[in-house]
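Several structures are given next for inspection.
Two complexes, one shared chain (chain A), two partners (chain B, chain C).
Our next item is the complex of A and B:
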């Protein structure tokens, strides 16, 4: 008998055995449940019900224990070991997590690149997917004959893109030389003068953007641009809330951004604190104190009226820091950390235990925030030292923070090649926005003044940092010119932007590292029909009366879309975004099919890295650590979905 | 819709009273609808073209495939590409492997899901709330968390290089989202039916089989097509566990064809295999697309 027939027969026998196992197991589970019910003194008819109920639920319960619960616990254990299939298992503690989260070693760098790739799919792919699927849904939301046929056609790619066949068709169409898409584009460019310019502009933009992203992902220093990004975010948000009346909606927006930034900082600090070697009580305390301050502000805003268990987490974090310090630290450090813990804990404890009047609470909060701020600045190493604080006044007066180029190694004098993270500036943005969100309607003028002043400040910082950033980039060229060496700083970006694409240039799509990610996103856009169906259902739920009322008021199409359609379908939007982001982390099939040896590392998502590590190299221990990091991120995203669901409009 | 009624009314008129044909057509045309149709057709082209290109390529010769060209269909369709594939033993084996695996998974998964959904919707028992909450909680747990240790588990069971890791887990009501879908449907069946059967002396198992299952056919059909498409396309699990050419299913077969380092790449063969791979999914989807739409809008997942 040939191998596959034999394997099938064996599998069939296993299946029959499994069925028997499930039947017997179910009866046993049912009987066990019945016995427990009897022991707990339930009536005979209730015992009968429990028996039947558990009997039918047993297939899932047994499967859950064998295939989910057991493996999940085992995987948690493996993640702390260096388990490799067929080799002995050694306990290595947090080593796997340390390597991955700190991006240390070859595998850590691979992982961080995979995370950068996944982030690319989220930040660039998901919005494009949302736009496509919303566009399709709006097209299909018309009363036309045969619209069901179009719905079928639009959804079809989803079914097919799940398998390799359609992906291979894309791969053939996207072939660099002589592929259908390139030939078509080339022909169009040859026939229309205008299209030629568009086409070359497209090539230039995509290559510039992707090479820049590759530079960042590869860890090339971006110097002062680091400060331009948070300042710009702050300025944009403030710009959107500083104009016009001071409304609750604006306060909510300020709080949303503040909370997102703050939460990110806290998670980053806590993650670092957990894997730091040797243990760093400062990071633990810092993240704990920040989280406590956040919880306090949330309470002030009246979001947490009752006592929530999760608000204990910051206290726990801070307490762990204290304990570690009490054990290992010096006396001078100890007093400082105790002070920090008090600052973090006092407002929370007071808020929950006493019924202090509002005004006192506010004073308390302000004092605590100040104290926490001071201590955090002191505690988080490398955040504001090394003259970084001097950057602020310089940028606020539009001066350059980079030293004048009088000798070749001046970069080290102005901005070291590895500047510390701009986390503190993000924190400042969160602090301003969070504070603004506290100012209720009684002080609209103060709030607006604060908003305008900080808008000006962040704007100035953004402008100065951007100018300095350009100078910083030029400096690398100057050094290269002076020393005669090649400029490796953002080398791909420099090459891509050095000249306007020639007439005969074609995108190389799957075989080029600058084009492989855009190709992947093109294919996911092609198969974004699942989101379309969700949008379509939401669109059908928007009452016609709303549009009619708007038409009476003379609203145009655009206004109707922004003021009625978008708010009404925001739950569907939110859902699709979260699902899209999770899917971006889990992208696997497309990468497996479309990768080439040159582009594998540039395409690899977090899930693909997991596959490589575990099933190709059989590094079970590290694979398990990756899977838990991924699981953590996904659970965090799901929690976010529940948390922010209330920001979107739901019909009562 | 408006145009339809107008035409119907027009044709109801006596022949002499009808305006001439040209005028009728002109009046029937709605410019807004025309524009919409144009956009819809253009979009359809984007969505269908890769399929058409796949089918067209599968009929070309290797010389044609290697050149830059824009024609969708070749002058001489090479039906032999398919004949060659069908004669190939590895193709036949992969296809039958796929059919076998998918059938077994469907039987096991659908039956167990129907049983579990039944107990969560029709039976009242102490502890149901907790068990159900636990099951819905697993929706939060991403597949990644268990992928690695499951591999270790199957490795220790000696199940690597067999079909077991792919087919057996399904027997344990895999997929909380699908259980939820069926449960929601079963909740809408009137209670009186169970009660009547109970008075007639039927036990829950009989009620499930004779009363609930026949009435739940739409939900069962929905999860069946979801599972079918998901399994037929499933690449990662077979890739991890089969590891042996004789056991490969169609997704791996097609993916492997692509990995051939031949030059020129025999795209016509790859595309012919792809067409044969896609056909069952396509047929099932077109026949059951109603269930797809309902299922997705209900659970929000694509299965």
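Our next item is the complex of A and C:
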């Protein structure tokens, strides 16, 4: 048989085989659905309907299983292996996740940096993009001649933005020396005195912020600053609820923040517990205890849905813990901690069985107490021994906690080893706010007193920690000055803030690591047309009557914007934020085209890191782990956004 | 209802069975990176018809793409085991893909024309003692100097690190915190390049690996290479806020702002350009204990291991790397032949190529045996960039390079 006849026959066989597979597979799916319908007691007529329904849906179902679910499960399996193209594949358990989440080794460090970059795009880029698209939408919402042309022009970058030609044009425009943008800015600065100062202020601010961010993202210690953030959050929330009458709205706010912090701590503790080497059931139980406390508060507050959520979390954690320990743990760990986990989970299971509220409360209390007992035994000695708690009284009396400011080893490692983790302070904030959320109208004075005392305490800690953070930072500089070496942790920050930018300074957009991320965000802002379109549709939907009523009441433009426009377009805002956050975490194509050898690491997002590990370095196993971590983070952030979307006003 | 369903299913079966049954010849797909339109035209209109005439029933098809998407593209084929029969690879890829490429010894070891290839080029396409393809071209990458722009042309070429720094100092200028003239431009225009860094380690008398296979990044030669690159950067860029040269059209060496640099031939003027009268090619400067050298990149054609019958692919490799086609490709695509029997005609017809080939023979060192290159590249870029921008000391940079490259080598099975 000649070659072409053989090829023809092969094609025919493949086509027949594929068609037969689809037909047989569809019939099998239909039959399976029919059997389930029969098992559920449906009538013969309904069983027939189920059969035909699933039969016709089956090609899609089979396609989904083969092309979506199958590869997804395969990638989940690969993520637990050291699969590299051309090499033998070995099961390595959680090693990939451990390396990535703990930032261990070169790849862990690069993944951490990529995550910092992704969060930068999310935290800085998304708000700027929202402001830009809202601003454009408001401009285009006016009745002007040729408005359709303007809409087209504003939307055009969405079509062009991802194109290599447009991105290369941006490279030329952003050239540090002779680029259109810098030349324009420089000319304006030369012509207008005020603009010159604003321009230099812009350069100073961007470089100072980005160099500080780079210092932190590089894994450098930030010392006492780590306490200032939770204390400040606590103080700000308490400030907003300590004044005036004690209302249910304030209790709800306290609970909201406590819940958010608690959930974050649970995720962090559980993630660390699962990737710690060796596995750390103590951390897992710690997160379980917090969840039990959350369930207790939700139950006391009479919030049934949240109560279920908070009870399900520890149950799920216990289940995951058992599976993990059974799979990876040593014999001793299995016997000891599986028992502990079962003991901890038992009260929560019983909560679901019992119907008496008081019994539920007791069971929850017992569960939380048991878990707390385990935490006291397992976690606290390691975290709070050796006088670690001395930091809090020191900060409450505005003293420094830095024992050896002239010792580099102490600054690098000693300080962190002799002070508690910042997570404990977050936990304290959650505890105070959670407790306050339980104080109903019967004890308003007590609640206010607790709130005021806590406010003072958190305020003092925040101020002391911030001052100590500056001392800590200066200590590095003093050591560097004494030894003649650089302060490598913040060399860029020191260089950027050493002096006010000279007149001849320009932003080095695409070539300097301090400007590469702002460049990317600038280009992303240019293509804000998609968000603009959503806002524009929402703005068109705001009834004129609302503005007219507000005008009758004497509202000015600003008040109308805040009180009418923003609430009415909040669903569109929510949609744009959710989509923007997901897109920011998945940024890839602009980085791929705009990167240079000097700026690649500073631009690389988590998605770009995934591409590098998988396709350039052929590390399929670790690439799969990155994709699952990224998917988990995106799901978590999206769930949190949906959970805390009370600011979104859906018109009845 | 059932009758209708059976009828539809039968019809679908018939259609799917009949429609794709299109006659096919045996097709050989060849993936080559970064080809110009003229070269693709030559392949399609000259080379392929000639091969197809000798092999009835065989159709040749060319796939092309850039180096940017090269890794992902090739990895995709290797992962799925479904891709072209012949894949174009760069110098360092024999170690990267290793056993994923077919062992061609059974087809090539007794081929009499194998002796005509440069031994170093054959070394670059050998993995685990077996040939994985045939070299297609070589690219000697010397330092090019503009004699008409240089402050003192008599010092060209500087052959030591110290002289090279003096040359860069004399030929660089910064005004208003922006470069106006660069005494030296590296291949990536970023004032350091990972391949160039390796070349300087070699020209400083060092090696990448110790005898036991561990990384030698802690060597004196590495320190000397790093210091040289740092000092050169600081001459042209007094601090990290200095802006680079303005954008220019065309090749950098012809811009009038670049006095010297390392460039591949595709980023240089055509060899017939009169500017070559003012361009001198020379080896890289050397350290105190080293010798000047020129990095030579060997691009080659491989046959992936997923190809069930490599015989036909090997036939094409022999055909396209023949003496006649090597000379043709040098004319059409500017490929430098790796066959010494093709040099004579080329050297007689083109003085630029004659000079480059002589330099390659005298100073050439192939860019090969770079182990775990895909992971080494980002490591060098990350660590050297930290040193270059004053964020990390020389000692710490060497230590990080050494520790992390050793870990990479161990992970990839290079260390026992």
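Heads up, the rule we're going with is that the second predicted complex is superposed on the first by the 456 of 652 C-alpha atoms of A that agree within 3 Å, B and C clash if a C-alpha of one lies under 4 Å from a C-alpha of the other, contacts with A are read in each partner's own complex, and residues count from 1 in each chain.
In the analysis below, contacts are C-beta pairs under 8 Å (C-beta built on N, C-alpha and C of every residue); 3 or more make two chains touch, one makes a residue touch a chain.
Since we're looking at a predicted model, the values are computed, not measured.
Contacts of A:178 after superposition on the shared chain: both chain B and chain C are touched.
Once the two complexes are overlaid on the shared chain, A:268 sits clear of chain B and of chain C alike.
In the superposition on chain A, contact of A:396 is made with neither chain B nor chain C. When the shared chain is aligned, no partner comes close enough to touch A:124: not chain B, not chain C.
In the superposition on chain A, A:611 contacts both chain B and chain C.
The partner of chain A that touches more of its residues, comparing chain B with chain C, is B. By the touch criterion stated above, A:466 is placed in contact with neither chain B nor chain C.
When both complexes are overlaid on chain A, the residue A:87 reaches chain C alone and has no touch with chain B. In the superposition on chain A, A:11 makes contact with both chain B and chain C. When both complexes are overlaid on chain A, the residue A:19 reaches chain B and chain C alike. Counting contacts as defined above, chain A residues 2-4, 7-8, 11-12, 14-15, 18-19, 52, 85, 172, 177-179, 182, 592, 611, 614-615, 620 meet chain B in one complex and chain C in the other. Residue ranges on chain A touching chain C, taken from their complex, read 2-4, 7-8, 11-12, 14-16, 18-20, 23, 52, 84-87, 105-106, 110, 172, 175-179, 182, 485-486, 488, 491-492, 495, 502, 504-506, 508, 511-513, 592, 596-598, 600-601, 611-612, 614-618, 620. Contact residues of chain A toward chain B in the complex are 2-4, 7-8, 10-12, 14-15, 18-19, 22, 33, 37, 42, 46, 49-50, 52-57, 59-64, 66-68, 70-72, 74-75, 78, 85, 136, 139, 142-145, 147, 150-160, 162-166, 168-173, 177-180, 182-184, 187, 526, 530, 533-534, 536-537, 575, 579, 582, 586, 588-589, 592-593, 607, 610-611, 614-615, 620, 623-624, 626-628, 630-631, 634-635, 638. Residue ranges on chain B touching chain A, taken from their complex, read 1, 4, 33, 36-37, 39-40, 43-44, 46-48, 50-51, 53-54, 57, 66-70, 93, 96-97, 100, 104, 108, 112, 115-116, 118-120, 123-128, 131, 134-135, 138, 140-153, 155, 162-164, 167-169, 171-174, 179, 203-204, 208, 229-230, 232-233, 235-236, 239-240, 244, 246-247, 251, 254-255, 257-258, 267, 270-271, 273-275, 277-278, 281-282, 285-286, 289, 292-293, 296-297, 300-302. Those residues of chain C lying in contact with chain A across their complex are 1, 9, 12-13, 16-26, 57, 68, 71-72, 75-76, 78-79, 96-100, 176-179, 188, 190, 193-194, 239-241, 243-247, 374-375, 378-379, 381-382, 385, 389-393, 396, 404, 407-408, 412-413.
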